[in-house]
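Each chain carries a letter (A, B, C and D) given by its place in the written order, and its residues are counted from 1.
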Amino acid sequence: MKVIGLVGSNRKDGNTNTLVEKILEGAKTKGQETEKVFFADLKISPIGDCSACRKAGHCSIEDDFDGLMDKVLESDCVIFGTPLYWYGPSSQMKAFMDRWVCRMAFDDEGFRAKMKGKKCVLAVPHQDTRLSGAEHLFAIMEKTFEFMEMAYLGRIQTVAWRRWESGQDEVMLKHAFELGVWLADMEDFKKASGSVTFNFARVEAEGQS
Amino acid sequence: MKVIGLVGSNRKDGNTNTLVEKILEGAKTKGQETEKVFFADLKISPIGDCSACRKAGHCSIEDDFDGLMDKVLESDCVIFGTPLYWYGPSSQMKAFMDRWVCRMAFDDEGFRAKMKGKKCVLAVPHQDTRLSGAEHLFAIMEKTFEFMEMAYLGRIQTVAWRRWESGQDEVMLKHAFELGVWLADMEDFKKASGSVTFNFARVEAEGQS
Amino acid sequence: MKVIGLVGSNRKDGNTNTLVEKILEGAKTKGQETEKVFFADLKISPIGDCSACRKAGHCSIEDDFDGLMDKVLESDCVIFGTPLYWYGPSSQMKAFMDRWVCRMAFDDEGFRAKMKGKKCVLAVPHQDTRLSGAEHLFAIMEKTFEFMEMAYLGRIQTVAWRRWESGQDEVMLKHAFELGVWLADMEDFKKASGSVTFNFARVEAEGQS
Amino acid sequence: MKVIGLVGSNRKDGNTNTLVEKILEGAKTKGQETEKVFFADLKISPIGDCSACRKAGHCSIEDDFDGLMDKVLESDCVIFGTPLYWYGPSSQMKAFMDRWVCRMAFDDEGFRAKMKGKKCVLAVPHQDTRLSGAEHLFAIMEKTFEFMEMAYLGRIQTVAWRRWESGQDEVMLKHAFELGVWLADMEDFKKASGSVTFNFARVEAEGQS
């Protein structure tokens, strides 16, 4: 099985990367082949007018979308890593998803067939100290996964602001790792129906610097 | 530590009870004292006009609210169990929460001080096969916990329709049990900041009766 | 046409009543027959266990639900008035909706056929000064209307706390009245597809008492 | 007063443009100066790594953001027009909003002071025939306006798929026009507190081609 980790942030060494990296590490313990892609290295344009493409018979936007989309389609599992910006996913992650429509415009059935059942997890660091601050990001991503009939295996969110912060949160790193083991393993995924969530709420010690 | 499990359904032997019971079992392994309360046995009236109560200087509604509220205030941890009805919590669970306002009306500071930091988990069975079907129930309950500054430790949701269904879902039962161990233990709760969720999506076998 | 206004609050002279009353006044100008029902005068129990009812072949809860439900079914248009409590509708409004299931349990097709296309509007006063504070109440009610395929004509929300406050907000009263005219008239409702919302945000004058 | 209309779609002749154009027409009747900007003509890059910019002391991304942001800051009212893609705003509209952070990074107080109280409306065409399909787009945009303390005057959504469709929906065009009059006028905006929404639900005639 191949697992692809999408770092949908423009920081290559930030909290999104830390989470995605740790999930990949967990997946590797089960012998999975892994790959990490930095959106910071790619140019993913917004969806275009479509009419030019319809005439041409194929998407005519020239950028890194097709290469990335093909990598994702070849993978068995996708880690969608995105920071929370303005209550939603980063614009670069949104652009990637918007462009799925380019594939659907020319091969709706084929694209859906390839996405259906594809495993995925969501990894979201955010500055907002309220866990509920990410509710609409989760809704947007999860309803998209639902629409595409993907196998949505779970998610991790961490409160982190400075780019190194997640890297020092050993408990969340441990759980990101476990999420990676879970997606590689999927031991119980198809045997039950529901979800279980564990929350964490750091209480800063008095006088902590 | 004392853990109280609220079965906010009018079925005493349904899926809400199954989840709450299993969470309590998990908590017991850590030596917790537990109690289960069935809303089906209680009369919790809606919030009233307030003006009669203001004159009297105390809430004048005579029902089982005060007894239940006192039990909750004496507990260290509360399991809020409610089925999903019309995208929200059951009316009896909502009535219980609405009545908190009766306490806040006469002793806002004191009530908040007692609720602040109180541990809680949420258990929600639902018929809707989409996990996203419970998003607004979660939002309502979680924002209420957030407002009261409770220590919200996690949640479990299961897709179940017939009243015995959760009782046969061994994987979800195992995770409900683990959620109980987690709330009794809270080993990592205050050491980190975020959440981790594991999803399950049963695929019915072909030809299953 | 008959318009029924549901005051889903336990205050008979509060902001919910003010909004519902004004909407009914608007409807009357178009010659509609109107009726107002105070939930404060009624006992609407939560949904029960169902098994006793299934044996009996009919809902066995004895309270005011059947009378109210019949009134609603005989009306062409329903005004759902509810205050915002804990990010959702009042427990009494929720109890009314939860009990629809009692009708669906015994006559699913018949009940749905009667609700389908029934006109409705939503009226929500709230203390939260952020208009977004009611988002999950709106979602719960609107998705329920959508599920029942009702003709959802519009909504009004007002920021009001003290029970007389809406009654002094002449602009919002004017718009509640117009919403009543709109639902009685429905001039354009079936000719288009979408919604238009006008917001109001009072800025308190300096030194205002 | 100057009103700027943002067409956050890559189609210059689509439904987003139709709505924005009609709102501007309404504003013009009150003597407002208007301008329309097509995101299709601009390059708005995602937010970058920040560290290069922090060293430089200014945002170092070279694209059309600064020009557009300055236009918006010079305007008294902004029309945010965006299609609904995957339950959220278009990636180009999201990119524009994400980049606000670039201004906040270097002049947080100054940027907020300029945005505070700035009037805005939201215009959203979508293919989803359920009005609730746009709920998370609305939440994301409206919470952003709320965070920036903008004067959010209202919104219009229309169900439209083919690019000419809104242009033939005379009722919705009339209401978009009225929204433009409303934002230019704001007669009652600061006198009240709440919102009023009118819904439309086209029922296609039998046998309609």
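One rule holds for everything that comes next: contacts are C-beta pairs under 8 Å (C-beta built on N, C-alpha and C of every residue); 3 or more make two chains touch, one makes a residue touch a chain.
As the structure is a prediction and not an experimental result, all values here were calculated from the model.
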Mean-CA-position distance for subunit C and subunit A (Å): 40
Whole-Å gap separating subunit A and subunit D, where each centre is the average of the chain's CA atoms: 27
Interface hub residues of subunit D, defined as touching at least two other chains: 139, 143
Topology of the chain contact graph, where touching chains are joined (line, ring, star, complete, other): ring
Pairs of chains found to touch, sorted by chain label: A-B, A-D, B-C, C-D
Contact set on subunit C toward subunit D in their complex: 129-132, 135, 139, 142-143, 146, 151-160, 169-172, 174-176, 178-179, 182, 188-203
Residue ranges of subunit D touching subunit A (in the complex, touch as defined): 10-12, 39-40, 46-51, 85-92, 94-95, 97-98, 100-101, 136, 139-140, 143-144, 147
